[in-house]
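Worksheet for the structure shown next.
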Amino acid sequence: MTSLLEVRGLAKRFGGLVVTDDVDLDVRDGEIHALIGPNGAGKTTLINQLCGELPSDRGTIRLADEMLNPLSVGQRVRRGLARTFQIAQLLADDTVLDNVALAVQARCGHSFRFLADARRDIVVREAACGYIADAGLMSRLDEPVADLSHGEQKQLEVAVALATNPKLLLLDEPMAGLGHGESRQMVDALGALKGRLAMLLVEHDMDAVFALADRISVLVYGRIVATGTPDEIRDNAEVRIAYLGEGDS
Amino acid sequence: MGRCPEGAEGEATWSLQLRPRGIPLRPSATSPAKLGEETGARLTLVFEQLLNGVQLGVMLFLLAAGLTLVFGIMGVINLAHGSLYMIGAYAGAVVAAKTGSFLVAFPSALLAAAAVGMLMEAIVVRRLYARDHLDQVLATFALILIFNELITIAFGRQPLFVSVPPVLNGSVELLPGLKYPAYRLAIIFVGLLVGIGLYGLIQHTRVGMLVRAGATHRDMVRALGVDVRLLCTLVFGLGALLAGLAGVMAGPILAVQVGMGEQILIMTFVVVVIGGVGSIRGAFFGALIVGIVDTLLRAFLPSLLRQVMQGSEADALGAGLASMGVYLLMAVVLLVRPRGLFAVHA
Amino acid sequence: MPSLTRLLTLTGAVAVLIALPFVAEALGTPAATTLVTSMLIYGIAAASLNLALGYGGLVSFGHAAFLGLGGYVVGILYQHFVSEAPVFGWFAGTNRLVITVPAAMLVCGLVAACIGALSLRTSGVQFIMITLAFAQMLFFLFVSLKAYGGDDGLIVRRRNVLPGIDTRDDTTFYFVCLAIAAGCWWLMQRFARSRFGLVLAGVRQSERRMAALGFTPYAYKLVGFIVSGMGTGLAGALLANHLRFVSPDMLHWTKSGELMVMVVLGGVGTLSGPWLGAAALVALETTFAAWSENWQIFLGLVLLVVVLLTRGGLDRLLRLMRGRGAS
């Protein structure tokens, strides 16, 4: 079975501290692959390496058989790799529509156009509305992002990432900071995307992980200690000791 | 509206004022006539200019260290740093003139600079810690205008002359045939002392460790439990002291005038960019590099050009290109190492 | 959709600007016309800087370099036109505005590309220091060019000519500048709303987010910087014509500071801000200079107060007044 995302031997150290230790990871087309691990395991660092914000010391990253290593963040996004941020990185001064429209604009031809009013671009705006409707945020269309609730901002993060039309979506703790009801909404939203695109889901919320994941990888001190189906992971003794057994999660 | 002819005399002639008007040049140690004939004399000249470069570098280091400390710890870019240098120079000049004693003038200048610095911090800079760079630039730019005009009102636009303290008036024979002004040697000595002192501070204290790690004052508060206001005032005061020190030492060898601060400040920026923002080591080596390159270019480029061009045009073009030299150096460093040679991992 | 009040204010302003020279003549104060010409020219410069600074978030402390470069292109071309010696032994000088102005913009665009390509590899205080340093470098260059006046500057005895228009007449030149300024205003408005403008504004807010959308922030910042430099060069060319004089003072770092003050006084990142700021600063400087030789101290105090006490508030206040989408 060919993997959409193929990571081999990825490594990164900061001085004496090894944050990513020879990581091998596969994400298949259409699957939700969860990445779990205790705090400080290096999950966000791994995401940053995959999307290109952090250069790796060693190892390869392949997306649909194409080497991503030499590419910049923007180039990787254009190849189909999108990510959401744990702490929402939205354009706070702009509206919900503006934020999503920019994402659509990014893949709709180049943006070195100086005279036409971009807000009157029907194609872009309508496509953006589509993503916003899917995220259930149509009621907040023209509101500045700064006025949105935390949960709405996280939903918008996902919508913006989807608007770039990715093959693979890296989700960095989409449930972080969400209340019970909001978490359920997010799980439903992500579940609805199952099969349409591949996802690498970094999460602490075990209910969400076991509800959504097709496969789970466990990252401890920068190392992948186990990969398998949710059942396999639940029964894995090593994982239990390293992570699940360390108290409530 | 003349400007001092720069170059071959080997003086650090970067003392241009805000709106330059006829600045007289101090008589120099060497003259262009020495150039060219004997290799021995030429070598002596090169050594002399090298030492001049080190002397300039040491002064730039004093300024750059203060600037980079303030920026590294408090995150504020302070354009009025040059004004503190100017205040040190003026305080020294005025007190020396009144009391006739450099021994009194020296600490007075340091005190004046440090005091004005801490006042500046308390009234203006303190409000800039949370602001963006644009606000910091504009507020400190406003301070430059205010200080320059205050000095002009108090002392006029004509430059003040300070004589070299009598005890340092002679030359020292470093090598057979190489005589170098004692005063400039003293400057180099003082600068190196400060360098060692700062090195000790950075390498062997907890505060220094945090500076090396690129910590901000917030991190320092967390790590050391210090009073942040006090820390900021003291750091700023130290920077001001160093700037004042450079200023008072500059008095006897440069014309003390309004606008002297900005000229050296821009070169200080080049030093900080080349050395790396937030790095004291970078400030030191960057300053030496810039000082030496600038001095050597000014000393030898015009005469080199005279061999292919007309006299006065060569002088002017040589001086111009020599002035541009360190900026081109900065451009090259940026190409290779955008964050500077000794960038702090912040 | 521009609101009615906005439309009325705009129309009113245009009417006043058109009527000005005639009113000034009638009141016996023809100097007012030259003063407002200065305001318009600096408005173009400030609006151009605003593109980089306000929309792009690039704190460039070296924009005076473009002002001076634009002026020197005019000056040098004029000098060679008069002496009939070819520039660099290659092409003839000229006194035609239709050539000097685009030439000035082209030169500034190229220099901005070089400076920007290097400087934009950095950010924050480094960027500020580097732009300042490069501008200073160009200052020293022009001081050293004795052939073009050096420190004393270059006199442009007659203004550049336009076909069928007598630019030597102050009122006519005023209208030329007004027309160009209006064109710049229109262009800036289009830029702000265009795809490019939106991306640039996004890059200012969060480079990280823009990269995560698939944009290359560096490219947009560079283009913004280049266009900004070209606009300031245009202003420089007009200034040289207006004053009939160019000198290295036009490249002095304090001039860069003045341009930034203009942008800030009026409100960073707004459409009309830079024009208002330019008018305000020119007016302030003229007033203060009339009071005292040490007028810069008043300017410094005003600036300090504005920055410390009101800038955050002024921006917010203006935004509230203008409403969304008006800038």
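Note that the chains take the letters A, B and C in the order they are written out, and that residue 1 is the start of every chain.
The working rule: a residue touches a chain if its C-beta (ideal position, glycine included) is under 8 Å from a C-beta of that chain, and two chains touch if they have at least 3 such contacts.
Not measured: the values here are computed from a predicted model.
Shown here, the protein chains touch in a chain-like sequence that does not close on itself.
Interface comparison, B-C versus A-C: the higher count of C-beta contacts falls to B-C.
Spacing of subunit A relative to subunit B, judged by their CA centroids, is 50 angstrom.
The centroid of the Cα atoms in subunit B and the matching centroid in subunit C are 32 Å apart. One finds 43 Å separating the Cα centroids of subunit A and subunit C.
Across the complex, subunit C is touched by residues 1-3, 18-20, 71, 77, 124, 127, 131, 133-135, 137-139, 141-146, 148-150, 152-153, 262, 266, 269-270, 272-273, 277, 312-313, 316-321, 323-324, 327-328, 330-331, 334-335, 338-340 of subunit B. Listed in rising order, the residues of subunit A touching subunit C in the complex are 51, 53, 72-75, 77-78, 82-83, 85, 89-94, 98, 102-103, 105-107, 111-119, 121, 144, 160-161, 164. Listed in rising order, the residues of subunit C touching subunit A in the complex are 190-191, 193-199, 201-202, 205-206, 208-217, 220, 223, 324-325. Listed in rising order, the residues of subunit C touching subunit B in the complex are 53, 59, 61, 118-119, 121-122, 124-126, 128-130, 132-134, 136-137, 140-141, 143-147, 150-152, 249, 253-254, 257, 260-261, 264, 268, 294, 296-297, 299-301, 303-304, 307-308, 311-312.
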